[in-house]
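Only one structure is covered here, and it is reproduced in the block below.
As written, the chains take the letters A, B, C, D, E and F, and residue 1 is the first residue of each chain.
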């Protein structure tokens, strides 16, 4: 697995998820945007980090009692302490947000530990406290019920689905206020570079449009526009 | 029916719906959080009050005309004037939010009358006016169409379903910015007391976590942590 | 087609979508509020304008490549440049918001061109940039994926469905922070006038309610209330 | 309430639900076909009878135990014994078919008692046994779980919603292999008569079409076709 | 547009929709199977024919009255008479099956006219009569309500979506008891030929499996198996 | 893990899934019936066997190509050959039935190998061929598209969710024409015994009801009825 360079990690923090979907589409990847989730704190910093996965299956009443959390060994609590700093905890809750997959205490612990963010296709509880953390938390719903009502944490660091998208451990998760894109680990560096370049172009286009220019020949650019942009880029 | 003490009513205003779901789970109640609704005014005061129920069935074109509202006797208008001060008006709209179950004029009347809040699994109209009321209104959608398009108010103070949860008249409705929990009337006092106690513990835990402590042995607490907390609680 | 008078266009900017649904209900129209969309920028000005329609069908991999946008002739890009100033671009995306139907560059172009707003039952991308535009954009989801992943723009200015509501080119689209109502072109003037009148009455009612008056006989008004209101209206 | 004549009761057994929706549409009623249900035994006799209603709300674990069925007083068991012969038991299960609202023993009892059929927007269990009963049972799903898992029977003979349609006690329920239509009691006789007449016409039209005649001028008929049909009707 | 050869038209009648999805997948087409529909008469002959499209938008009460069907000019009735013999009538009903898009009289007319079948993502009424026609009719639901309740036929022979799949006029529609696949017109002949060839192989594989052979090296075949199959094919 | 006795395995073949949900409900298990699936061949023998699990995640275009099936090592193909005779292959397809999780060749192989049945919450392809196999196959839809379009088989014999229900390897899967119940392995013998006993009682009750007896005091039985039944049971 190629690891993401520090420069590209920073570059991805300035790239939109929209631009990333285009760059990934060029490589034949159409299903990269996690569906049905939103960012709790709209002012959180951008999220970039490797996926550390946690999988839930449906709860069973005799197994999923409050006692399940006691001692070590509960996969959710283990994942909270094991997810490395700089990575993103990604939870597969089968897109069922009728109960939580975590709350403010666990989120605070992840934040303190330097984890880059959390993405779950289930709910988060104590969400209005999490709203105030300067930290990116994505979930499918504000959902008070404890996870035991619906979810059973079962294992970590296996490939999962999250919001309809495949997530393999180590994939690069990028989040902006619109949502989260998953970049396969092996192409993360090239995608980051192309996206950074595309972002400069799109910022220039937006500027042109605000000055009154029409979109034909501009977006996408014809050869003349492409040349004009390249000239501008050299000069700046 | 045991009535909720004044002290416990105040205590519940400081308790989160998340904590309440845990306390109710210990008593075998798993389905207590109303699904699919949200709070219109995020800065509204906390909501605590007895459920006063109103039931809608699907509208029928020959019965649900504008004339239906005239005079006394329309169940929705009756409920607006009948719901006692301090209680919560809870509406069963069959989780259909494609039309409203009330608007700003009716909400203003409820507010003036001292009703503690409204919860509907249908829509509310004039929602951006209601957003500005210092009063908790929970609904499933901002929905402009008048109720007659879809809903027929039929009766009051019967047991209903709201957002998938059973609500009996007199049950205690507790709302925070995350949503609304329903506490069966007969256990409301004991639940309030346990939740208040649990809240003190969880606040202490969150403080510990922010100071860098790990969650194993802390949350849930092992005997040493439990002792440490009890000592802290005595001292404060 | 009767065209909307300038006075009525202004009047509709002060009318709520809730009131409009009532006025249209009196004319037998029950399905006029576009379902499942929301306003990105809650502080945008009110939206009033004729519908200019664009239709999408599902994408097909061999047709919907990045090359499709090149040159003139792509229906989405054509519509962005063709929708007249003062009109509203309305998109039928089959209520599928898993991909975008436009992004910030195209929205900026519409804004610069004087288009009155956009309504789509698909997604919009770069939504947090659009959030900051002083311009009404309604969509079903913040959705980063480019439209080619799911949508194929096929034609303009045909009757469409949008959020479950029929929209004919030239119908009057009215948007407030709650959502969007569609007024058939031929009755737009009379609806605007009746709604303006109804708004004055409802504002007066709300004022009465805030002063403590009950709703029986007031809303809807009995003959005495009606007379009282008419007297008040003359005096003001 | 006008009661349905014996002749019209028989006539309705020969009328399709499709034709009935057209006759009711002429009277302004658009929402009369119960959505999301199907007939278990496709060879069951046609169903015609007055609605006898039963309402479920969501279950609550402390109330909905096996003991709830003991003795008299459980509303579901009461309804099974109380629904009059010739009437139809109609259940409002909030369109939740993840659990049953009855099984083969209760259906056998209804059948023995002469009840005309059952309609539920929840599930039925032991459905493959009910398949073999010469008796019309409509449900939303084959669903093994006992009702206590999800449903709490609460009261009878109130107006309800079933499959999105309003049902008032005494309304006439008509079922064919396509589904079930609800006819408001007060217009049942006139609807039955018009539908019988319309059925004769449509059978004649179908016969004409099978002989190769085109639909223009035939369906709907122009004056010449209407005259031709009337002449044919007199002669037969 | 390459037209489908008579031989390939016959070949497609012996090909399964499952095999066709594989052949189309090899060409990069993943979304070719119409979702959410079923075949009414399970014993109907296989369906193969060019798509003749009809589009519905949501109904509007003032336009969609019974009078709409009178005279010529109603797009649904026009399409019934205009769809050429040997082609398939494909309807876009926005996947809304709460009302019908046709009934037994119209289906009988299509059958008499030699139309190859019908595919709609809305409902069909009089479905139990259509069940008995020796003719393939695919729909999303048995649905008694007349189309005017929900649907407005608007135009023909434009590209549409049906069950989430793009359908262009002239595309080849192939139906078996599992459902319907859409083959883009320009590749229909090559797809038919490859599918016929693949079918021979899969039938041979199934025979091998029934004789007890394992699937490794057989399905998909390794070089030895491929050679064995080719030898068998020559000999038969 | 207690293994299921041969006698209890046979007994479960005569027990309905409805009865099993009641027996499991008495042990506090409410979520045991797999939702949203149906039996393809209604005349298949009853299914009883240990769960052998296979898990799918969403497909990714660069990984899920036709080449993926080649050689050994593809988890789906491995599972087809590895699932022991007498066990049931249970697939977690995230309740997404828009593509298949298997087809007739693989089902034939399972059947030949003596596997007791298949349960998937995704689709099955070639379903009308599987309909004719004397073997129980449960799926969520007849779905022609090959699995690669949507699903990526990832691992076997881990705990999974199927149709919303937790399934652990070795749990006992019981299927009748209504659907499938999951019995936790450790209580399978006691559940089988209680269910067999309950079945005798319910058959007797049904017989009593057919003779005209009312349900009060019979179902559930009062002490007199219980005694009467016990006497009958001894005599038979």
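We take it that contacts are C-beta pairs under 8 Å (C-beta built on N, C-alpha and C of every residue); 3 or more make two chains touch, one makes a residue touch a chain.
All figures in this text were calculated on a predicted structure; none of them were measured in a lab.
Peer 1: Hey, what chains does chain B share as contacts with chain D?
Peer 2: The common neighbours do not exist; no chain touches both.
Peer 1: Following contacts chain by chain, what is the lowest number of steps it takes to reach chain E starting at chain C?
Peer 2: Each step joins two touching chains, and the minimum needed here is 1.
Peer 1: How would the chain D/chain E interface be labelled, same or different, where same requires over half of its residue numbers to be shared?
Peer 2: Different, since most residue numbers here occur in only one copy.
Peer 1: Report, in whole Å, the distance between the mean C-alpha point of chain D and the mean C-alpha point of chain F.
Peer 2: The computed centroid separation for chain D versus chain F comes out at 32 Å.
Peer 1: How big is the gap, in whole Å, between where the Cα atoms of chain C centre and where those of chain D centre?
Peer 2: 39
Peer 1: Which parts of chain A, given as residue numbers and ranges, touch two or more other chains?
Peer 2: 30-31
Peer 1: Name the touching chain pairs, would you?
Peer 2: Per the contact definition above, the touching pairs are A-B, A-C, A-F, B-C, B-D, C-E, D-E, D-F, E-F.
Peer 1: Which of the residues in chain A end up touching chain B in this complex?
Peer 2: Residues of chain A touching chain B: 66, 69-70, 72, 77, 80-81, 98, 100, 103-106, 108-109, 112, 125-128, 142-146, 148-149.
Peer 1: Which residues of chain E touch chain C in their complex?
Peer 2: Against chain C, chain E makes touches at 27-31, 57-62, 94-95, 152, 154-155, 158-161, 164-166, 184.
Peer 1: Flag every residue of chain D that touches chain E in the complex, lowest number first.
Peer 2: Chain D reaches chain E through residues 16-18, 20-22, 25-26, 30-33, 35, 38, 42, 176-179, 181, 202, 205-206, 209-210, 212, 214-216, 219-220, 222.
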